[in-house]
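Each structure below is given as structure tokens.
Here come two complexes built around chain A, the first alongside chain B, the second alongside chain C.
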Partner chain A sequence: MTTILAPPGRRVRDNRPDTPRRRRSPLITGAGTLLVILFALLGPLVAPYSPTAQLAAPFQQPDGQFLLGTDVLGRDVASRVLGGGRTIVLTALAGTAAAGAVGMAAGVLAALASRRSGDLLLRCVDALAVLPGLLVVLVLAAGFPGSHAALVAAVALATAPFSTRVLRAAADTVLRSGYVEAALARGDGRWAVLRHDVLPNIAGPALMDTALRLVASLHLSATAGFLGLGPGGAAPDWGRMVSENVPGAALAVTPFLAPALLLVLLSVAVGLLAGRLADRAGRGAA
Partner chain B sequence: MNLAAFVGRRLAAATVLLVLLSAVIFAATAVLPGDAVSAVAGVDASAARRAEVRAELGLDRPAAERYADWVAGAVQGDLGRGFVGDRPVTEVLATRLPNSLLLAGLTLAITAPLATLLGLWTGLRGGGADRFVSTAAQTLAAVPEFVIAALLVAVLAVWLEILPRVSVIPLGGTPLDVPHALILPVLTLSAVGLAVATRLLRVSVTDVAASPYCEAARLNGVRGVRLAVRHILPNAAGPAVQALTLTTGALVGSAVVVENVFDYPGIGRELQLAVAARDIPMVQGIATALAGVMLAVLLAGDICARLLGAREGHRR
Partner chain C sequence: MSRQLDRRAFLRRGAAGAAALAVGPGLLAACSTDRPRSEGKTGAGASPRSGGTLRAAFVGGGASESLDFFNGPSALDLVRARAWHGTLGNLDPSGADGVRYGVLKGIDISDDLSTYTLHVRPGVRFTDGSELTSADILHSLSALAAKSTLPVYRLAAADFDLAHAKADGDLKVVLPTLRPIADGRMVLCQGNFLVVKNGTKAFREGMPSCGPFRLTDFAAGQGSAFERYDDHYGHVPLLDGLELRSIADSTARAGALTSGDIDFAHDLSPVTARTLDDNGKVELVPTKSPYLVGLSFQMNMSAKPFDDPRVREAFKLAADRQTMVKTVFHGNAQVGNDLPSIGFPDYAQGLPQRAHDPERARVLLKEAGADGMKVTLTTGPETPGMVEMATLFVEDLKKVGVRASVRELPAGQLYADFPAYAALPLAGSYQMPVPALSTYQMSTAGGSPSAFGWKESATDALVAEARAESDSREAKRVGTQAQRRRWEDGNQVLPVFKPNLNAQAKGVSGVRDDLFEQFPGFSQASLA
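== the complex of A and B ==
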């Protein structure tokens, strides 16, 4: 007697949803990201007016003269939008580079050191990670008011602990692999092994980690601008433009909506790129 | 190790960590005492006046001595007085922290059930809906909170005119007196929290769904809601709670920003004002208190995960 199995109805997928079915190339997101970053970096060069000059009455509606209207102090919104992305992007890039360097050094050191001291180093790093990133930024901004270097250092400090953890794990796996053992056994020096065997093999995780850190850094540096931390004054900054112009939301929408939408574009582009890189590396976007 | 010993050990570790962090916070804010003097005495004060203010604030003593004094006071519940307005720091904490906790509690009440539903649904179903929700959560988590807040203001307060733009709380009242002032801050925080929590829960759910234990349950004919609620959720909850507590830091940061966008009278708003005014004792006190809150949440998360984990062992 044959039993006919009912076709399975709705059932849980066997393969884990972590693995995307269609592997979309990170090229498109990468190009989009590059475009937004270039806009932020080169924008100041094509601004029609000085971003700090008071040209007209506050909160004028967009017209032929002022493409996006004027802001709370009567400055040209278009010029400020073009000029306001540079600080955010540069701060985030500098913070990411610093965090990457610190995380790479600490992570590889922790992996190379004995298990005991490596764990101790990681404990210290974890202790630092307890402080919320924004709290680090606020405390350092209170200690070093108006300092741009302090802002970069704060962004780096806030994001470095995670890099250390990721890179230590990556370096640990490589160090325990057969070819490193073979290299060490045939008498290669520690530095040679580090340069030729370990570093090339953790470059992939390091790149992915850097992309994730860039997302966090952009988030922090935009927020720092919004809270008025770092070098203040009249210089344009997308974050600060939002905080300056939201109180006048009922009078004019463009002065805060334009920088807000650009920040959405920037963070989403970088965020999606980081997600794609993480997917390609076979890991969920953590 | 029984639960009491576990809690005791974690409590001791958290206390040590809090002392260390308070030292770090103190050191980071106390290295440039000159600036605090100009904040109080005015930028163009004479040298004599500056020296006077310096002595008045006790800034002429070495930093280590000041830190020892500060810790001695902090243990007795006295965090000093702010430079601006001469308010005791503990009083500010006592009036503002409950407002922030109210915000956090409301956010949690909205986020936890929604994130559980979305996490279970996307983690179990997979496919297009999963990809859509995951990408949306990933996108939302990348956008700074103040931008989300600004967009909500644009739509709800300016365009539709159904909600107030700022949270004006009457003097001496609590935020509960004007519930509609809470809507926009809680909505913003919930959007951010939901994005983070859904992703973490989804990872946890897919891990459990792939386990042999779950496969066995499925082969026994358990499926649908029953599978999700009876078999997956109890096992996924432990790791998910622990992962969630690790994101509290990000949510504390979000709360600081959201309170500033809506002028909500919470501790984050007070911290930002203190930073802007170079009010060093206030910054030290509030930052240490927030670090303490963070450690308490992490501790609670550890204990929760342990309790849930014990249950998990029993179920398996």
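== the complex of A and C ==
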């Protein structure tokens, strides 16, 4: 079984000369990301007012009652900021999970199949990758207006092709390593080889890849909000809040700046985390 | 218009602006007075300056823009056509027949209301020197307007037998009606009926016409340029030239205006207009009644629970109209009374303003067994303020116990599938400013799909009776009676009339004098 063979990652790393590298714990970025994501997910629970209720005149300056002022329709900006991240984060997470699952399945399948059919599968995936992600989102969101599922599917479709490529390459390397060939020669079933030898060894690259896709997914779902796609209407959404309040930038700054800053914070945090993970996975696998 | 020159001028100004930004506010202020023409002092009573080229910006229709205004749906298509072609007439409350005639001298109506005789104004000349005759009007009406699919021309086609209009000599056109109507002048002289030369099939630059300006340049989606037509009937424009540009974004139009690149910006968004309030160099000139767009919500009577009049009334009472005017339009709008066409001569008189009464709405909903009902309001960003209105209306509905939500379609999709739209339980809509009764006959009477299940032959009959009444006071009485039924039992919540929020550089004047304000004309305009 695999236990008698060292996993290839460790083996390779042992052979590599130790390069000096700044090794900062991903703990801080991880905690930061978690904080922003928790803020987005749990924000609606602590919002002081209903995020959709019209409460005062539009574009009021921040005061004791409305900490961040009021927006274009006289709604409380603070409550909307607290409520507006959930959709973006959930859409991005769901889209990334779906893309990850599809990418993993298709990537491993392409690696397992004969070279010719694997290549064929990859060409099909490439055809999808040619479409700009935003175009896919626009078309699907316009076809199914207001549907969360369509947005998730669009985000997944736009990011899955890249995952497929990365994971096929990762699976290919593992499949062609000596210990997998040994396991197959010994008579282990393909399924057992897949479970015990291949998947554990591509988990690192898969995780890194997923984190990178999450950044792209966040961008896409925020863009969808900005363009007025997705659930639309009164529902708070950071992307949408930026676009609906920007025309009043001369009257009040907080209504568009607060959601814009949160979007920046979120994507920077997730981006840094993805970078750290990639770093680790790189050290682990390459 | 020399586009090259424009671009160079633009770049120069942009570079100057960038330099000013780098140096500081002092220079920026100095730069802003660097206008292409001198700033004349226009005190009260000063006569308008003649000369200069007025530059105006509109949303435009992109690359699909066409010079054929009979089939061009965007506002800019009609504005361009108004500058270029002569008109039958415009609505004018102070005019003798309620209209101000253009290429016509007047319209006579036969006693039995079956024929209208259009008298051509003698001496109107096209740019090729030929004189305008009844044949030109006939061609514009029966060959071009009759085939148009735009609602405003369909409105005329529903009243007049355009295909059977006849010329009677050079200066008379006889137009038979399809049913007896006394308010046909209002239909023909809404400003949309423009006249081109007999035989015109294709619309192109350089074709002869008789409007206040000659078209000199046109690029679809970019703009058009005009010069004054010195032989224009009635009066010759004060301006030397006119440029109509396409700038799709409201903020960009406002920016072009405040930076002095244009003199007139059409239809700004309410928020953009509000940001111009404190700007000393520009002024807001919202269109006035009757040129107001009605924003409404249609309740579908063919579906439960809107078949119950109590539910319909509850929805009307739930709308907090004042707040909508104040919040969405920053006060730049007018409260509606659930009837379209405010300000038109045939708009109902003396009806009480519908109150905002959430308590009564709750009671009515409970009586109808519809408390806690669930409903989705479908709308889309078809005109500024539409989605915002729906958002506020849904909040109002929640306050009376309706579990309401908004479904917002992407721009351009709301009306794309009309049968699907007409089957919605609750839908957002907007009404262009058109006369009340003729529009009712065209789009609401007889259970038309756009009536959302409203089918009231008694009201239809009252409207027909009012339109066929020559005595204007009696017509008004019957017309009001018909509209009262619609007000009481109807399926339309119409809480707000909004103007087109236009803005212009200080000192520009005379745009409003050209009437038909929602498609501004510049034949009497002048620069500072």
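In this text, the second predicted complex is superposed on the first by the 262 of 286 C-alpha atoms of A that agree within 3 Å, B and C clash if a C-alpha of one lies under 4 Å from a C-alpha of the other, contacts with A are read in each partner's own complex, and residues count from 1 in each chain.
One rule holds for everything that comes next: contacts are C-beta pairs under 8 Å (C-beta built on N, C-alpha and C of every residue); 3 or more make two chains touch, one makes a residue touch a chain.
If you're wondering where the values come from, they're calculated on a predicted model, not measured in any experiment.
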*asked:* Tell me the contact category for A:113 with respect to chain B and chain C: first, second, both or neither.
replied: neither
*First (chain B), second (chain C), both or neither: which does A:248 touch?*
second
*Have a look at where A:144 lands relative to chain B and chain C in the superposition and call it first, second, both or neither.*
first
*Would you check which partner chain A:264 touches, where first means chain B only, second means chain C only, and both and neither mean what they say?*
first
*Just chain B (first), just chain C (second), both, or neither: which does A:90 touch?*
neither
_By residue count, which of the two partners contacts chain A more extensively, chain B or chain C?_
B
*Touching A:199 in the superposition: chain B (first), chain C (second), both, neither?*
neither
*In the superposed arrangement, does A:239 touch chain B (first), chain C (second), both or neither?*
first
*So, A:135: does it touch chain B (first), chain C (second), both, or neither?*
first
*Where does A:228 make contact in the superposed view: on chain B (first), on chain C (second), on both, or on neither?*
both
*Share the list of chain A residues that count as touching for chain B in one structure and for chain C in the other.*
141-142, 145, 228-229, 246-247, 250
_Of all residues in chain C, those that touch chain A in their complex_ = 250-251, 269, 271-272, 274-275, 323, 326-328, 330, 381, 387-388, 390-392, 394-395, 405-411, 413
*Using the touch rule from the top, collect the residues of chain A that touch chain C in their complex.*
52-54, 57-59, 72-74, 141-142, 145-146, 228-229, 232-234, 246-248, 250-251
*Within the complex, which stretch of chain A touches chain B?*
10-13, 15-18, 20, 127-135, 138-145, 215, 219, 222-223, 226-229, 239, 242-243, 246-247, 249-250, 253, 256-257, 260, 263-264, 267-268, 270-272, 275, 284-285
*Can you name the residues of chain B that touch chain A in the complex?*
17, 20-21, 24-25, 28-32, 35, 122-127, 130-131, 134-135, 138-139, 141-147, 150-151, 153-154, 157-158, 165, 199, 202-203, 206, 209-210, 214, 218, 223-224, 227, 248-250, 252-253, 256-257, 260-261, 271-272, 274-276, 278, 280, 283, 287, 290-291, 294-295, 298
